[in-house]
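Look for chain A in each of the two complexes below; its partner is chain B in the first and chain C in the second.
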Partner chain A sequence: MAKTGIALILALSVVVVPAGSALSEIKSGSEFLSPELRRQQADETRNPAFFWVEQGRELFSRRPAPDAQACIACHVDPQQKLRGAATRYPQVDAATGKLLNLEGRIEQCRVERQKQPAFGYESPELLSMTAYLASLSRGLPMQVKTDGAANPFFEAGRAFFERRQGQLNLSCQQCHDGLVGQKLRGDTISHGAGTGYPAYRLEWNDVGSLHRRLRACSLGVRATQFDYGSAEYLALELYLAGRAKGLPVETPGLRR
Partner chain B sequence: MSFNARITMPAQAKAGEIVEIRVLTRHVMDRGGQSDGKGGTVPRKILNRLTATYAGEPIFRFDMHTGVSANPFVSFTTRAVATGDIVFEWREDGGATYTRTARLTVT
Partner chain C sequence: MLSRLALAGAVLASGGASTASALEPYAIVGDAISAPLGRLIGNAARGAALVKDRERGNCLICHQGADPSEPFQGNIGPPLAGVGARLDAGQIRLRLVDASLVNPQTVMPPYFRTENLHDVALPFRGKPALSAQEIEDVVSYLATLQTP
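Entry: the complex of A and B
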């Protein structure tokens, strides 16, 4: 009896954590959607997230205050000059040594250069700006730096991904590497690639950031929900972006 | 940015042709009923009706209730008869209305 028990545990651990997950097989979240939803994501006339992109484009070219410059005054011709910018985030800010994602970079620019109050994480304005800037890189492969100064953050993200946490004592890896393609409630477990975010989630009826999605994941395993823009989620975002290297940016995505 | 609309339809059509009109709307469609924190409840605030007129004639009406999701999408067809404006009007709870116009040129 005890022997069977041990064999069962061994078998389970093999299923749950496959040795050396093949990073080349990481698939985008949209691969797990129905064909109908995939078509809706690609269709600007039916994907509601494009309203946020449109709002972001407006904010980008409008002066935030009469005495402040619009983003477009420095970033001339964003369609060309900022194409591909989002594929390199999160990245380490050379001046401060901090890890910044796209949201963080926008806020930094707004506070330090435009001298305006920060939008605040998850505000409609910041979501719109992020969605707009990321949408400029639509179709381009993710190519974040995970070596050099970014390496400690990447490793911290990996450690977070592999660490069991919460009352359910699950690590991200157990589901998002080991059980990909299987069902969890009504949905299919994906690889956890964040290439569509900020995305319109049908569950939210709204556009939300990757950190909002990560908070939902943390809640799901009854673990600590970290703050928007927290160091833990930033490191995890970098690790997920590193895992998704080569996958095209899909922002604004549509997710269930 | 509480309301916005994206209307997709061909700019031109041949007389007698059937054209598809797609309307995607940005609206939170708040069905209300939540606590407002002061002992009361938040009133319902949804778009309750979308109407479309083509060259002055009503061609489409869509009554929406609380079961309709946020940012509703609807598509319908009409027959191109004459060059004219298609006027879309949304009616919101509380009496506000929003209007968008698209022109259809019939050749």
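Entry: the complex of A and C
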């Protein structure tokens, strides 16, 4: 009796294969915000995240110790020379073969070139520095490399994105592809582009990294929250960035 | 398909063989689980609270409930108003226990399943999202929602 019941259900079930939206259709998270929040994001005097950008600018030109060089000593004229840098992260570090996001590159410079202790993920200093450097690419299209050495990371990120996970058994794709534009409580689900991070979230009352946002989505489906800077989230970040190719960098974003 | 059959078979046999706390077994007839889980009796008032409770059912994250005054309701699943007229208690029970048995692609989470899940956060591992009693409470409540 039970077996036939299952067979019946299987026969009745309709297999709906999600249409997998084309990459060109991916929109930024800010397109799903209220017009008021969007205006606030664009307004340097009303988007609180610009405090972090300012602090980053300041840190960038300050010596971290009397005997150490400031970032600006190597990167003169950052407005010109580092404009566009953020559009190419995450990227594979040629020397180590490791995948580095912008945070990872900043920490590498800090430890190896400035000989200072790492700031640490989610520290105000690293958030400021990341927000500042990303803001130098505002408006420029994302253009990460997803082939060659980056490809295995990209594919690992894709697999993560597509896999159902957590006690609630949902994949990133089910929400950020299949349910885009629909309401999850008070939120309108976006494509999960990540091009505004680090961003100021009203819910946090603070600026946070993309990995902090990813941890929130993992928690939402009651899945393992991976560490800040973990291999899992780095690969996922590369996949999101590759998926968002062509979308302008918006950092510092403002989000609900 | 085959793996789903195997999974459903395991549930029927033991309610999730390899987990520490075995789930109450159930039998699927047609598209329903007609018998209450563990022969428990549901309480509709507790069910109503569970549906809203953001820590437990949190159903309104995806569904519009029967109370329009509740702020911020989702619109991913069908509205719950009238669900008791569209489906009988056994059909509702199956959809709560594991909606993927009806639609393998479903977005609706399985509320009474511990098998075949990936990367479940430690505090939730090996446990169903709702207990058998909670499922019965929610079934009792939804069955009362007769008017669309």
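Rule of thumb we're sticking to: the second predicted complex is superposed on the first by the 237 of 256 C-alpha atoms of A that agree within 3 Å, B and C clash if a C-alpha of one lies under 4 Å from a C-alpha of the other, contacts with A are read in each partner's own complex, and residues count from 1 in each chain.
As a working rule, a residue touches a chain if its C-beta (ideal position, glycine included) is under 8 Å from a C-beta of that chain, and two chains touch if they have at least 3 such contacts.
Nothing here was measured: the structure is a model prediction, and the numbers come from that model.
Engineer: Residues of chain A touched: more by chain B or chain C?
Structural biologist: In the superposed model, C touches more residues of chain A.
Engineer: Go through the superposed model and pick first if A:V76 touches only chain B, second if only chain C, both, or neither.
Structural biologist: In the superposition, A:V76 touches no partner, neither chain B nor chain C.
Engineer: Regarding the shared-chain residue A:Q55, is it in contact with chain B (first), chain C (second), both, or neither?
Structural biologist: first
Engineer: Let me test your reading of the model: by the given contact rule, A:D206 touches which partner, first (chain B), second (chain C), both or neither?
Structural biologist: first
Engineer: Look at A:L179 in the shared chain and tell me whether it touches chain B only, chain C only, both, or neither; answer first, second, both or neither.
Structural biologist: After superposition on chain A, A:L179 lies in contact with chain C alone.
Engineer: May I ask you to decide whether A:A94 touches chain B, chain C, both, or neither, giving the answer as first, second, both or neither?
Structural biologist: A:A94: touches no partner chain.
Engineer: A:N169 contacts which: chain B (first), chain C (second), both, neither?
Structural biologist: second
Engineer: Residue by residue on chain A, keep only those touching chain B in one complex and chain C in the other, then list them.
Structural biologist: Residues common to the chain A contacts of chain C and of chain B do not exist here, since the sets are disjoint.
Engineer: For the complex, give me every residue of chain A touching chain C.
Structural biologist: Residues of chain A touching chain C: 1-3, 5-6, 8-10, 12-18, 163-170, 174, 178-179, 182-186, 218-219, 221-225.
Engineer: Within the complex, which stretch of chain C touches chain A?
Structural biologist: So the residues of chain C in touch with chain A come to 1, 4-5, 8-9, 12, 27-31, 60-62, 71-76, 100-105, 107, 109-110, 113, 117-122, 124-125, 127, 129.
Engineer: What part of chain A is in contact with chain B in the complex they form?
Structural biologist: Of all residues in chain A, those touching chain B are 44-46, 48, 50-51, 54-55, 124, 128, 202, 205-206.
Engineer: Could you please specify the touching residues of chain B with respect to chain A in the complex?
Structural biologist: 1, 4, 6, 8, 22, 24, 26, 28-29, 69-71, 73
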